[in-house]
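Alright, structures below, take your time with them.
Each of the two complexes below includes chain A, the first together with chain B, the second together with chain C.
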Partner chain A sequence: MLKYLLWPIALVALLLLPHGLSFSQQEILVFLTINVLLVSTYRLLTLTGEWSLGHVVIMGVGAYASALYTKEFGLFVPVSMLLGGITAALIAILLSFPLFRMKGFYFLIGSFAAGEIIRLLWKRFREPFGGPKGIKGIDPMPDFSIGIYDFDFFEPISYYYFAGTIVILCLWVLWRIEKSPVGLTFHAVHWQDKLAEASGVNLRAYRTLAFAIASGFAGIGGALMAHYVGTINPNSFDVEVMVFVLTWAIVGGTGTFYGPILGCVLLTVLNEIVLREMGFEQLRPLIYGAILIASILFLPNGLESIVQRLTRKEAKS
Partner chain B sequence: MIELLAQTCLNAVYAASYISLVAVGLVLIFGVMGVINFAHGELFMAGAYAVVTFYADLHLPFLVAVALGLVFVGCLGLLMERALFRPLRDNPLGGLVASIGFLMILQALAVLGYGVRMEHIPPVTQEVIVFSDKVRLPLSRLFVIIAAVVLLGALWYFLKRTKFGWALRASAQDPEAAELQGISINQTARIAMFIGAGLAGIAGALTAPLVSVNPHMGHSVIVTAFIVIIVGGVGSLEGAVLASVVYAVVHTFVTTFYDGVIADIVGLSLMLLVLIVKPTGLFGSADRA
Partner chain C sequence: MFSRIFSSGLTRRTFLKSTAATAVSAGLPGAALAQGEPIKIGFLAPLTGAVAAWGKPGLDGCEIWAERINEAGGIQLSDGAHPVEFVSYDNEYDPAKARTGATKLIREDGVSFIMMLGGDTWPGVQPVADKTGMLFSTLLPSDLSPDTTTLIAPAEVHPIYNVTGVEWLAENKPDLKTAVMCAQDDALGLPSVATYLAAFEAAGIEMQSEPLLFDPATTDFAPVVTRLIADSPDIVCLDTCYADYVHPICEQLFQQGYEGQIISCTADFYDQMISKTSKEFMEGFIFQFPDFDDPALNSDQVNFEDPNGFYAEYAERFPGQWGAVSWEYASIMDLWKAAAEKAGSADPEAVIAAMKEGGTGKHAFGDANWWGTELFGIDNALVGDWPVVVIEDGKATIKGFKNIPEWYDKHGDLLVKHMKAYDQMWDQRG
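After this line comes the complex of A and B, so read on.
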């Protein structure tokens, strides 16, 4: 009974959430929504056992691609967002040829190098990427109405609803993929790669598939961000952002679907409410670094392990 | 043209000398602890800030400031070993992630202590060795080159000729067998961390008057060091030195004839190429990878 009520209640809560918040908090909520998608796609990537340091740059590929499609070809924004995601997935497939010759630590460094090369290309080529200053004046999402609600994208609330809908859709697809035979194979590729290979699983193909899917959805996330902020540059997707994503995933834990989302939401709340309101914004990297170290030392399985312990105890008693 | 080539070669030698100090430290830490230290660029930065503090602000002699930088950063290394890498010894990815956390802390502390602006450090010496009209070598660059040669020579002697060095290499080759021989793993880890971090610190301290010192300077250093240790073969000290020379020559020449960003791209592509074609590195042996 409770199970069926849970989802509608959560949905209503998500719909009502922005109304109690200030303008800047609503803006943060939009970024949080996009970051939830980003960190969830990162988890899909880690399912096959590889930790990439280029994921944020891949997200940037989606952002740059979508921004350029609207700018150069005048495409309708939602269409170009989708194309941005597809572009990110295609670039990922291209990158998979060199990168998946490597494993573990070498993959980590290789993905880092590939990401840096892409970023330097954005920086170097003023045409079409805009050089170090990036792309400005990206077309915003055009306003529209669905009868009961008028989407006015000058308001963060509207964009929150729009992005939220897309993110929930994407999360649902990611969830379905993970629970499908393909997703189970991803797990097998990570934990039992020899056995999986002996059973006829093409490891390389499945790793590439996971990489492409994760990158595609990350690209959509990047496009959502680009058309909201209106300006992107190579530094929007640098290593520091990657470290934040890594921190969210590690603090939350990557064993469950909700783990990274939990880490992302909690740390964003901590960051925005505690740090910004109290004026400790400058201390942010320090506190993130300390949290990262503390969680890898004392909570190697992430916050999700606490949740699992609590729910298990309830089930027992 | 000949003069331009000569000048570029001199620049490359200078670049190779400080890059190799950083890279050798990174390789040493990886060899003994099995951890890739992402915070190595920030250790370089900490060394540079030691010079800012002791030389530019407190007006101590430059060499004293450099020595203090070496000791300070070496102690940072000891701290990392004890607080991060020892508890995470069984978790190779954990050590790497923890070092990323440490990197952010060091960077934030530098921002808090000194601000994000570039530091101005009075030059140690203005003298320039003039070979010809267009070929000149500032004396302060020569110091860096000499220091690198001396330090790397001393390290080589230490590793190959002293008992400590043998212990260090033994535990890098096979920690379990080394422990059975009565070598303390914790002891060798401490020594390796102190030397490795100290080398990064001294490289940062020596080059501080020659580069722009700011809290984010570590990023390009660590990227360069990664390229060098991958090209040289992770775990090979000689490889790291040779790869530093190769990288410095390529990077300096591309910078001179095209531009800096293209040079960075070429460097990273070189690393990807090596990772694809020969992941053990150009000079590495297969078993250490």
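After this line comes the complex of A and C, so read on.
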């Protein structure tokens, strides 16, 4: 019974959540929602055993593409967001040709290099990418009304509902992919690649597929961010941001679907709300770093291992 | 019903009114302050990360400024005296975090004015400024455009004041005829490159090569410096490089045996540069930001109150941390305080009207004009004299003040030409 009630309760909680928060916390909630999508797409990529350092840049590809589609061609913002995601997926397919000639550590470094090349192109070409200063004045999501609620997308609550709906849809698709035969093959490519290849699985094709799907959804995340903040520049997608994504994934754990989400939510709340509220604004990098080291030392399997232990105990009792 | 409750369609006024109930004790801009209630000022700048050197020292300076003002009785508005209090938010030089910070400062903390470093973070904040009508200040006037009616640049007109250093150099060392320049390829570096190119051209100094633009992620400056000094230039110009670049570039210039003139926008923590190179090597280094213990700042033209005392207090509390921005945010507060007292209110609209009345204002380095229509599309930059600083015997020394509008009247066309070439005019940006 509780199982069936859980989802409606969670949905109502998510709907009510922003109303219990301050204005700045609502803003943080918007970015957190987008980052949840980002880190979940990153996990899909890691299912095939490859860790990338270019994922945030791919998110940026979606952001730049969507911003340019609206600015240059006047496309309706939701359409440009979708096209931004498709563009990110297509760029990922292009990148996969050189990148998937590599594996493991070499892929990691290769993905970093590919990401830096894209960032340098954004900086180099002022037309159309805006150079180092990036693109500003990006069209916001147009306001609309659904009768009982007027969406004003300057307001974080409205944008949270909009982004939240898209993110939930994307997470549902990612979840379905992971649980489908394709998702199982991703696992096989990671853990039993020789056996999978012997069974006729095209390893490279599946790695490319995971890379393209993860990139496409990350691109949608980038587009969501671009149309909310109204500006993007190459530094918004640099390796420092990528380190945060890696940290969320590592601290949360990548064994389960919810692990990276848990890491992202807890670390963002800690860094952006708790430490700031406690007056440790300037000490945040130090404290954040110490907590990371402690969590890696004492929770090597990530925060998800705590949840697993708790649910196992509950099942036994 | 719900539609009416949730209906937004915000304007500046309705926005401020609608959030007033939530920010009960915050005292929103425009809302009357209770008698003796502190006036809150927002400080929205990078306090951590690579650009913190242009945020944190400014906040430290503001804290000293606030103590001095509060000891002297606070800010006198029409309803009496109010103490002043700073509320900071570390935006990490990220536009998204800057937007969050601006929202917090306005809608939760109820600040009356927000000071920013600007640059990459301003476009994230601009929608919030447009919606709320809050008065913001920036240290980077390249943020200004005709749309930014509530954004002012009252302390530093970066990078235009760099022309004063080159002008002084040409007058005092006329035998130096060739120059090279390097800069990071970003929003801070490029307008400064255009300005230095105009200043060198106006001074008859020939550029030996195109400015060398390096990636902001650069950490090894040996090859940059090798290329830079390959043709033995008389002058090496370091543009507006961050302290993280100026220091290693100077070290490399020293190690690679360069003996010519160096000119730079900043020389933050120059004592560390001297210890990494030598006093002799750094002798004659020209830059634009004085130490405030300089006796030249005691002249009548300077409007910053008791600069020497301010510097002494700063040096005692934060030894070795004096930098380009240590005084700038505090000087903006001098201007804001005078305008608020003149208007008798902390309301952003009233303050900006009082501040710009008559088209002149009291800049830290002397009386100045609200200026900038040609370059920025709006006259929201306060421009007048700017000091030229030279390191002599290991100490920054003001060699004189030069007038920026006077230079612009003579050579403005050169500046516009180079700004256009680097896509830095207000109608070319973004």
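Keep in mind that, in the parts below, the second predicted complex is superposed on the first by the 313 of 317 C-alpha atoms of A that agree within 3 Å, B and C clash if a C-alpha of one lies under 4 Å from a C-alpha of the other, contacts with A are read in each partner's own complex, and residues count from 1 in each chain.
Just so we're on the same page, contacts are C-beta pairs under 8 Å (C-beta built on N, C-alpha and C of every residue); 3 or more make two chains touch, one makes a residue touch a chain.
Every value quoted in this text rests on a predicted model; they were computed, and no experiment measured them.
With the two structures aligned on chain A, chain B clashes with chain C.
When both complexes are overlaid on chain A, the residue A:L292 reaches chain B alone and has no touch with chain C. Touch criterion met: A:S145 reaches chain C, while chain B stays clear of it. When the shared chain is aligned, chain B and chain C each come close enough to touch A:K123. When the two structures are aligned on the shared chain, A:R309 is found in touch with neither chain B nor chain C. In the superposition on chain A, A:Q282 makes contact with both chain B and chain C.
In the superposition on chain A, A:E27 makes contact with chain C only, while chain B stays out of contact range. When both complexes are overlaid on chain A, the residue A:K179 reaches neither chain B nor chain C. Clashing C-alpha atoms with chain B after superposition occur in a single stretch of chain C, namely 272-280 (options considered: 272-280, 344-352, 362-370 or 380-388). In the superposition on chain A, chain A positions 120, 123, 282, 284-285 are in contact with chain B in one complex as well as with chain C in the other. The part of chain A that touches chain B in the complex is made up of residues 51, 98, 101-102, 105-106, 108-110, 112-114, 116-117, 120-121, 123-124, 239, 243, 246-247, 250, 282-286, 288-293, 296-297, 300. Within the complex formed with chain A, the residues of chain C that make contact are 2-3, 6-10, 19, 22, 47-49, 56, 88-90, 93-96, 99-101, 103-104, 107-108, 120, 123-124, 126-127, 131, 185-187, 189-190, 215-217, 423, 429-430.
In the complex of the two chains, the chain A residues touching chain C come out as 22-24, 27-28, 31, 120, 123, 126, 130-137, 140, 143, 145, 147-150, 152, 154-156, 158, 225, 229-233, 235-236, 238, 272, 276, 281-282, 284-285.
Put simply, chain B touches chain A in their complex at residues 36, 84, 87-88, 91-94, 96-98, 100-105, 107-109, 111-112, 219, 223, 226-227, 230, 259, 261-262, 264-265, 268-269, 271-272, 275-276, 279.
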